[in-house]
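Only one structure is covered here, and it is reproduced in the block below.
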Amino acid sequence: MALVKLIEYEDASPEVRAVYDDIMTSRKVDWINNFWKALASDPATLKRTWESVKEVMAPGALDPLTKEMIYLAVSVSNGCGYCIASHTAAARKAGMTDAMFGEVMAVTGMANETNRLANGYRVPIDPAFDR
Amino acid sequence: MALVKLIEYEDASPEVRAVYDDIMTSRKVDWINNFWKALASDPATLKRTWESVKEVMAPGALDPLTKEMIYLAVSVSNGCGYCIASHTAAARKAGMTDAMFGEVMAVTGMANETNRLANGYRVPIDPAFDR
Amino acid sequence: MALVKLIEYEDASPEVRAVYDDIMTSRKVDWINNFWKALASDPATLKRTWESVKEVMAPGALDPLTKEMIYLAVSVSNGCGYCIASHTAAARKAGMTDAMFGEVMAVTGMANETNRLANGYRVPIDPAFDR
Amino acid sequence: MALVKLIEYEDASPEVRAVYDDIMTSRKVDWINNFWKALASDPATLKRTWESVKEVMAPGALDPLTKEMIYLAVSVSNGCGYCIASHTAAARKAGMTDAMFGEVMAVTGMANETNRLANGYRVPIDPAFDR
Amino acid sequence: MALVKLIEYEDASPEVRAVYDDIMTSRKVDWINNFWKALASDPATLKRTWESVKEVMAPGALDPLTKEMIYLAVSVSNGCGYCIASHTAAARKAGMTDAMFGEVMAVTGMANETNRLANGYRVPIDPAFDR
Amino acid sequence: MALVKLIEYEDASPEVRAVYDDIMTSRKVDWINNFWKALASDPATLKRTWESVKEVMAPGALDPLTKEMIYLAVSVSNGCGYCIASHTAAARKAGMTDAMFGEVMAVTGMANETNRLANGYRVPIDPAFDR
């Protein structure tokens, strides 16, 4: 179980409801997932985290699908079960196919392997890479 | 310094040279970076790792640039200095602009933050995500 | 389920009971939590770990509450579910309020984000910090 | 070397200068450390990160010294060299003594050890902790 | 639940069945564990990963038991629940006793502690180690 | 540079010298490596850490070489540069050949890859492994 009470919309303060409303409007959904209901126990963290996520994940030089797949890859690498489940769902909603999911997993796995080979052999950075 | 001797092309055995040749041909480059020169101290690992990387990073459901940015994000998350330098170079070569680089960093940073918030609050996975 | 049999007080050897007794006396509790019951399958590790934890967590230049919050922050950062649950309980017992819990989470999340930004940009250490 | 050009005050755009000014005013310092000069290559990330750090690290239920020591402990646990150097300096400025530094390290080390023992034995969470 | 459908032998394509057959023959078992049934949703990753694992875990300069204990130690350090369970089983099958299991855990815990002490104190590498 | 002054034998207090003497006697060496010279700034941590390492690394159900290779694998996985350098040296002294080193790296790399694949696919633990 969560370490804090999950705060439902009907029990939320006006400032928490304002964030919930913005989440639902921005994402075009009609429910709030547990992550935000947990953060709502600390309204300052809820607001700051939502505004940062909203800004970072907005379309920019990268499209939302690419951003969601990067988010997923990092979450897989860190082993965050909640984040893997929620960002797989978000990436699929943004257009990730089964084949893309498989390739995100494959790249994430391979990067974790070669990261350790580079660490373990203490490979010096090539001058061409160290500008 | 590296924990093994870096093996230059002119000092390499035929089986190592065959891998070096395939790396240079596949990547359209005329030099070998230190990662492979270190792995060459264990030819079986060199060959297996190169063939796996080549297969995983080939164009598929995801294009090479997207794959390189995912590789970079994982390497940043794991703090592998060599891999950050080499995959930033590879991603730039595949078309990553300064703005894209900034967004990869921003998404990676944000994912690391919310991964810990989800861990710390022990947020239960929503039934909608747990198919 | 645990990978070893959890050893209850009544089934414990005299050397394990001695550690259990010291845990209960030192912590002013009348039960043993599962972590120690698992370690009891390896009495040398049980004894060494308990004595180290007891020494490290004793009041010193830092008070026990501060130490418990640092322990919690590291456990959250590492994603250890058991440790998050047990050290949240320990920190609350030592005086951590809901507001303090929220701030520990916020600082832990932010540190994880900026750790990756510093890694990713390969920021050189300022001479003023590198004494 | 950094993967981006570090932006000095005199070369900064008005929006970057505004952040630099706020950092110097808030922290009562007359220089900008490299972390912010690197982020300045992406002004949106610079502004968002600074505002988040400023909010999170402000005195609240926890005092600034406690927050800096938690930040340091997480940075040590993650192995971020830049962050260890900069947050040790920040914690010392906020009052961390040599003895406190030693205890932060000791708690961080011990937490990392027991996090793995709990993982490795797959210790089930006690009902008393799983509220 | 898994994020993909687990593919049973009777529902598998010929190429997946060929890998399953090789796993069962190589390991002298008559069933396939869930890891491979999940990877089977991406046959290229299934085949590449199995062939790599088979090659890496074959007897060589190190015997299979030592390799399994190293695999277990890394999995414990990374907190991968599935991998801890499956590689503890594999190591036990290869001859790991209860006492050996306890020592693998103890070494893994201690390494995680001293890794952070070395990070935290920013200990410079001794010339004698930096060949 | 280290964050604390490295304490040389000639400048050490009697309690620190006693630990240094025990390290040199136990390891049959005539010098102290920087890790211990850094910990000496906190004599309680120096003594506790040395005694724990000495106990954990002593021959038991596992021989010293196997223990050193596990220590190395964990240090590589965590990316601790100092620990990789010092435990590679220790493992070589205990008998690790070049071929063994290559296999430790290969197993460590592979474990890191499959740990993430298991995380990413959220593979459920097989009943046979979950005793």
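As written, the chains take the letters A, B, C, D, E and F, and residue 1 is the first residue of each chain.
As a working rule, contacts are C-beta pairs under 8 Å (C-beta built on N, C-alpha and C of every residue); 3 or more make two chains touch, one makes a residue touch a chain.
Quick caveat, the model's predicted, so the values are computed rather than measured.
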Exercise. Treat each pair of touching chains as one step and give the shortest count from subunit B to subunit F.
Key: 1
Quiz item: How many hops, at fewest, get you from subunit C to subunit E via touching chains?
Solution: 1
Exercise. Could you find the chain whose CA centre sits the greatest distance from that of subunit D?
Key: E
Practice problem: From the options B-E, A-D or B-F, choose the one that repeats interface A-C, i.e. more than half of its residue-numbered contact pairs are shared. | Solution: B-F
Quiz item: Measuring from the mean C-alpha position of subunit C to the mean C-alpha position of subunit F, what distance in angstrom results?
Solution: 21
Quiz item: Whole-Å distance, subunit A centre to subunit E centre, using C-alpha means?
Solution: 27
Practice problem: Would you please write down the residue numbers of subunit B that are in contact with two or more other chains? | Solution: 1, 3-4, 41, 44-45, 49, 52, 56, 77-81, 84-85, 88, 99, 102-106, 108-110, 112-115, 117, 119-122, 130
Quiz item: Which positions of subunit A touch subunit E when the two form their complex?
Solution: 79, 84-85, 88, 98-99, 101-103, 105-106, 109
Quiz item: Once bound in the complex, which stretches of subunit D touch subunit E?
Solution: 72, 76-77, 79, 81, 84-85, 104-105, 108-110, 112-117, 119-122
Self-check item: Touching residues on subunit F, where the partner in the complex is subunit C
Solution: 1, 3, 44, 48, 52, 55-56, 130-131
Self-check item: Touching residues (chain side subunit C, partner subunit D) in the complex
Solution: 1-4, 31, 33-35, 38-39, 41, 45, 49, 52-53, 56-57, 60-62, 66-67, 69-71, 73-75, 77-78, 80-83, 85-89, 97, 99-100, 102-104, 106-108, 110-115, 117-126, 128-130
Quiz item: What residues on subunit C touch subunit E, complex-wise?
Solution: 3-4, 41-42, 44-45, 49, 78-80
